[in-house]
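Some structures are shown below for you to check.
First chain A sits with chain B, and in the next complex the same chain sits with chain C.
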Partner chain A sequence: MRPLRWLRSTFGVVGRLGLVLWFVVPLVPMLLWVFANRWPYPSVLPTELGTDGLHQAVTEGVASAMGRSLLLAAVVALVATPIGAAAARALTFGRVPAGRLVEVILLAPIAIPSFAVVMGLNIVLLRWRVPGLVGVMTILVVAAIPYTTYVMRVAYLGHDLGYEEEARTLGASPEAVRWRVHVPLVLPALTVSAFLAFLVGWSDYIVTLLVGGGQIVTLPMLLGATTTGTGNESVVAVMAVLCVLCPLLLFGAITPIRRRSQPTHSAEIDRPVAAAELVGSR
Partner chain B sequence: MTDLAHPFRQPRPPGGHGWWVLPALVPTVAVLVGGLGLVLSQSLGLLPFAGRPNPGLDAYRQVNAAGELGSALVVSLGIAVISTALALVIGTAAGLAIQRRRRGSRAVGAAAAVTVPVPHLVGAATMGLLLADSGLLARLTGSTPGTFPAFVGGPSWAAVIAEYAWKESAFVAIVVVASLRSRAAQYDEAGAVLGASPWQRLRSLTLPLLAPALIVTGTISFVYTLGSYEVAWLLGRAYPQPLSVLAYQLFTSTDLAVRPQASAVAAITTAIAAVVVVIGSMLLRRSRALR
Partner chain C sequence: MMPYLELVGLRRQHSSNQPPAVNNLTLSASRGEVVALLGPSGSGKTTVLRLVAGLDEPEAGSVSVGGRDLRGVAPERRGIALMFQRPLLFPHLTVLDNIAFAPRMAGVSRRDARVKAARFLELVQLDDYGDRSVRSLSGGQEQRVALARALAAEPDVLLLDEPFSALDPSLRADMHQLLAEVRAVIEPTILMVTHDQTEATSVADSIALLVDGHLEQHDTPDRLYTQPASLVVSRFLGGVNEFPGVVSAGVHISDIGHLLVPDAADGGAVLVIRQEAVFLASPTDTRADAVGEVLSVESAGPRRTVTVRCDGIRVVAEVGPAQSARVGDSVGVLLPVSQRHVVPVPMSPAPVPATR
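This part shows the complex of A and B:
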């Protein structure tokens, strides 16, 4: 049986290498183009390195577009996280009439094409003269609520209210319990929720395009316009990398908090089953 | 639970009141019901951009008569079915590879984790740089201009499908790893001790355990692919267009009379998504009943 086992383990290593390549290879041309001043067609590698693409991207306003995207994503995260957490807590511990239906409604934005919703709302947003940025933020908050609610729901399912009751018994005020017991206990999940909501705001293309009508220039708007426009691959690559870099840095920054373990009363929460229960209407 | 020290104080549920769902529920209902209600009324001619209301199915008839709807349906469903199937197969393989903790497992995990937060628009841009006829793949294969297959903007929609399959497989992989973390290792060991071959363990233990996670991720990525715009717009071809691109083109047309047709396409896309979600939840219920 020896050769068979050797064959199998080699097959496994090759398979894993293939999977790494599957995920990594699409990102390679983007990384190569960032510092390519010249890269004429048949050459496999750039023929002249430099920062022309970066300078060009700066002249095309990449900095202010990034600022606008950061603002949009930060607002979406700051609004969608607390309201998602509040809803999840109420669904887990409070008495919510028609709780399952409420849960299905809060998760529904994942399943509904956002372009359809925006095309419908557009007529109202125009007639009521809602500022574009406000309209975009509201719709993206709703788009982020499924993620924040779901992550917090899983967290509260494993959350032991006993800690909070204990603190109350020992004489802590509700405020003190919230900020010194409750929030610290669910902080890892809150951080993940905020990150996912940030990502919804940061990556959006179609909502900003349809509501903003091209007037709100976020980083994805600029990237889209550049990709179809001049055909300058290096500028496209610079903008694309910036678009990935920000979430990746943020993800790295929250990792210490994310990894902090949460004391739970049910030792094992079955995440997929919880997901199934949340998504599937029984 | 009555508070004996303060008999007149309202008893407070330990975790807070149920009405705390409202800050999330109210905007969600307003946006979803408002958006979909308005899109439906516009498609039925009840809310014309200009002129008098003209109720009826005219918009649906017109967009169907133009022959665009049928081909858009075929393109959209084709892309969504193929890319979701690829994402499920590759994502499951990646998830199992990460979970097994062999040589290279950590590298697969890191590569998938990097792919997850990449916006689809960036994915489309870099897939273009990889698969276009002057892209990296054409350079690596040394193909002379004009001989490289039209992955981008060609009739096969290969670049669009590759982008969705790539991004969504990372999502599937992460969920698969999370759902196997708790119990799969024990079951797998027990299966091995009882003499089941790796293939038998995969078919009879791992895949049934994974079924709920795969149904959920498959449904989410199918519906996402169906409703997504930017990838097909950047990497696809001008005609025929998928539903989202067709709707956008009708919506932004200078001819305001075709606006209701845009709403009709949007309503049809939403209806398909709803049907897929219902099928997904029915499959989910069955997979849980089988346990």
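This part shows the complex of A and C:
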């Protein structure tokens, strides 16, 4: 048994190392490009280091593009998360007539190619004279709702309504229950949900391009334009790194929240009871 | 005593294709009394608690506390706290803040709520646990904190839904003791659901036996055992001796013989007597109500269950280690008059001669 355990442990370490390399290695040349003033072929490393790329990126409006992206992603997260949470709660606790159908409709944006949907919606939005920014935000919120709904649905399947009932009998109004008990209990899932919605807004290119009509310059838009236009790898690298860095920092910030609010061990043991109560089988 | 908690004609049906979970339930409790709602699984016990707490609405009937009708009153405004079988401690709050939850909801400042919570934490003997995370507690400690949290709400009525059933026997006994100590200090009115007869008799002042949503009997534990209102009650509480017959002029007449039952009304009746109340004696003992042969002896710890056949009728006696009985022995059976009880039922058995 001991050699087998050693083998498993070795494979585990190698596997983890492999995964890290898989994600990190592609970023290394990009990081080098950020500080490379010159890196001609066939040199293995930059021949001249510097911050020309950074200065150039600032000149081309990377800061304002990043600001727009942050704003857009934040709005998408702020709107799509509560909608997804409300939908998931209603679906989980059986308060929606034809719940299955509603669920399929909510998740449909994942299944249907976004390009086709956006082309169709673009015409509708133009005819209704909806401003580009509002159109982009609306469509991105709709695109993010399947993710927020799905994450929250999983969370609510493990959520015990008994906590909320207990709080009511301890004198908490429905409003107090929502903010003092319900939200803290599902906060880890809400955070993940908001993060996914943020990513939908942050990384979007197609919707912003087609519906925004090129007027809304976000970071991915600027990156796309710079990549195809200038051919300046250093500037492209700066923008690409910023594209990756922001979600990574956000992910690091929410990690402590994701790990808290686990139920007590008695609640975990009694999960089947709680699940039975969810479907009203008293 | 004046009823403090009153349930009148409560009815609740969860779905139209099922019988009512609770039907026409009328029950009361005096101030400071502990009433145990006892019954088999699915008898509607928890539904009653939910109706009293306001978590479910009854289709008919009312709940009142201290004369205040609670129809349409939200759960948080009823002054009724409910402690579930699961402790349901809020995992994002410390032990102290869990207990301080109700005072905080009542508008008390955080500081004062914590001071108050500390008093209740002391009451459940967990003084040093205030700053701990609830995830660090054992099952028994969790229930103590849950009890303290419910008591900190200073409810007019405390509802306990099988609060100790998930604990092992020794912890359960500790919790019973704790509850007795809490009662001595703050005398709460308690309605407690349990399916454990031992728990009901050891904790409660009175027991309400619920079967299929109907209240079969609400009485003191002693009377419930010795004077069951129906055969359902007798059987649920483990009674096995039933002698169908008829009562005539204070005498119950059945296949086992003529047995005095003072104060019993005339008519068809089943005589019931607890197996613990039946004595075995010598077959020649003149006090014996019947003579028979021992059919079986089953050991149940220090006590034994002896089945005796008397003229085709089986009588079960639970005897202590001092009494010896072997299969095939001839024994006399004593059915003390004070322990006999008749349950009226319509029937017409053939009378048997000789009165004992």
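The working rule: the second predicted complex is superposed on the first by the 239 of 282 C-alpha atoms of A that agree within 3 Å, B and C clash if a C-alpha of one lies under 4 Å from a C-alpha of the other, contacts with A are read in each partner's own complex, and residues count from 1 in each chain.
Everything below uses one rule, namely that a contact is a pair of C-beta atoms (placed from the backbone, for glycine too) under 8 Å apart; a residue touches a chain by one contact, two chains touch by 3 or more.
All of these numbers come straight from a predicted model, not from anything done at the bench.
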Please indicate which partner A:E233 is in contact with in the superposed arrangement: first for chain B, second for chain C, both, or neither. first
Look at the residues of chain A and decide whether chain B or chain C touches more of them. B
Please work out whether A:A253 is in contact with chain B alone, chain C alone, both, or neither, and reply first, second, both or neither. neither
Classify the contacts of A:E165 with the two partner chains as first (chain B alone), second (chain C alone), both, or neither. both
Would you check which partner chain A:P220 touches, where first means chain B only, second means chain C only, and both and neither mean what they say? first
Which superposed partner A:P184 touches (first chain B, second chain C, both, neither): second
Which partner does A:A176 reach: the first (chain B), the second (chain C), both, or neither? second
Quick one: is A:I123 in contact with chain B, with chain C, with both, or with neither? Answer first, second, both or neither. first
Which chain A residues contact chain B in one complex and chain C in the other? 165, 270, 273, 280, 282
The residues of chain A that touch chain B in their complex are 9, 12-13, 15-17, 19-20, 22-30, 32-33, 41-44, 82-84, 86-87, 89-97, 102, 105-106, 108-121, 123-124, 138-139, 141-142, 145, 149, 156, 161, 164-165, 199, 202-203, 205-206, 209-210, 220, 223-224, 227-228, 233, 236-237, 239-240, 243-244, 247-248, 251, 268, 270-273, 275-276, 279-282
Tell me, which parts of chain C touch chain A in their complex? 14, 21, 46-47, 50, 53-55, 74-76, 78, 80-82, 84-92, 101-102, 105-106, 134-135, 137, 139, 142, 149-150, 153, 159, 166
Contact footprint of chain A on chain B as seen in their complex: 13-21, 23-25, 27-29, 31-32, 34-40, 42, 47, 49, 90, 93-94, 97, 102-105, 107-108, 111-112, 114-115, 117-130, 134-136, 139-140, 142, 145, 162-163, 166, 169-170, 175, 178-179, 181-183, 210, 212-213, 215-216, 219-220, 223-224, 226-230, 234, 244, 247-248, 251, 262-263, 266-267, 269-270, 273-274, 277, 280-281, 284-285, 288
Inside the complex, what are the residues of chain A that reach chain C? 160, 162-163, 165-173, 176, 180-181, 184-185, 187, 260-267, 269-270, 273-274, 280, 282
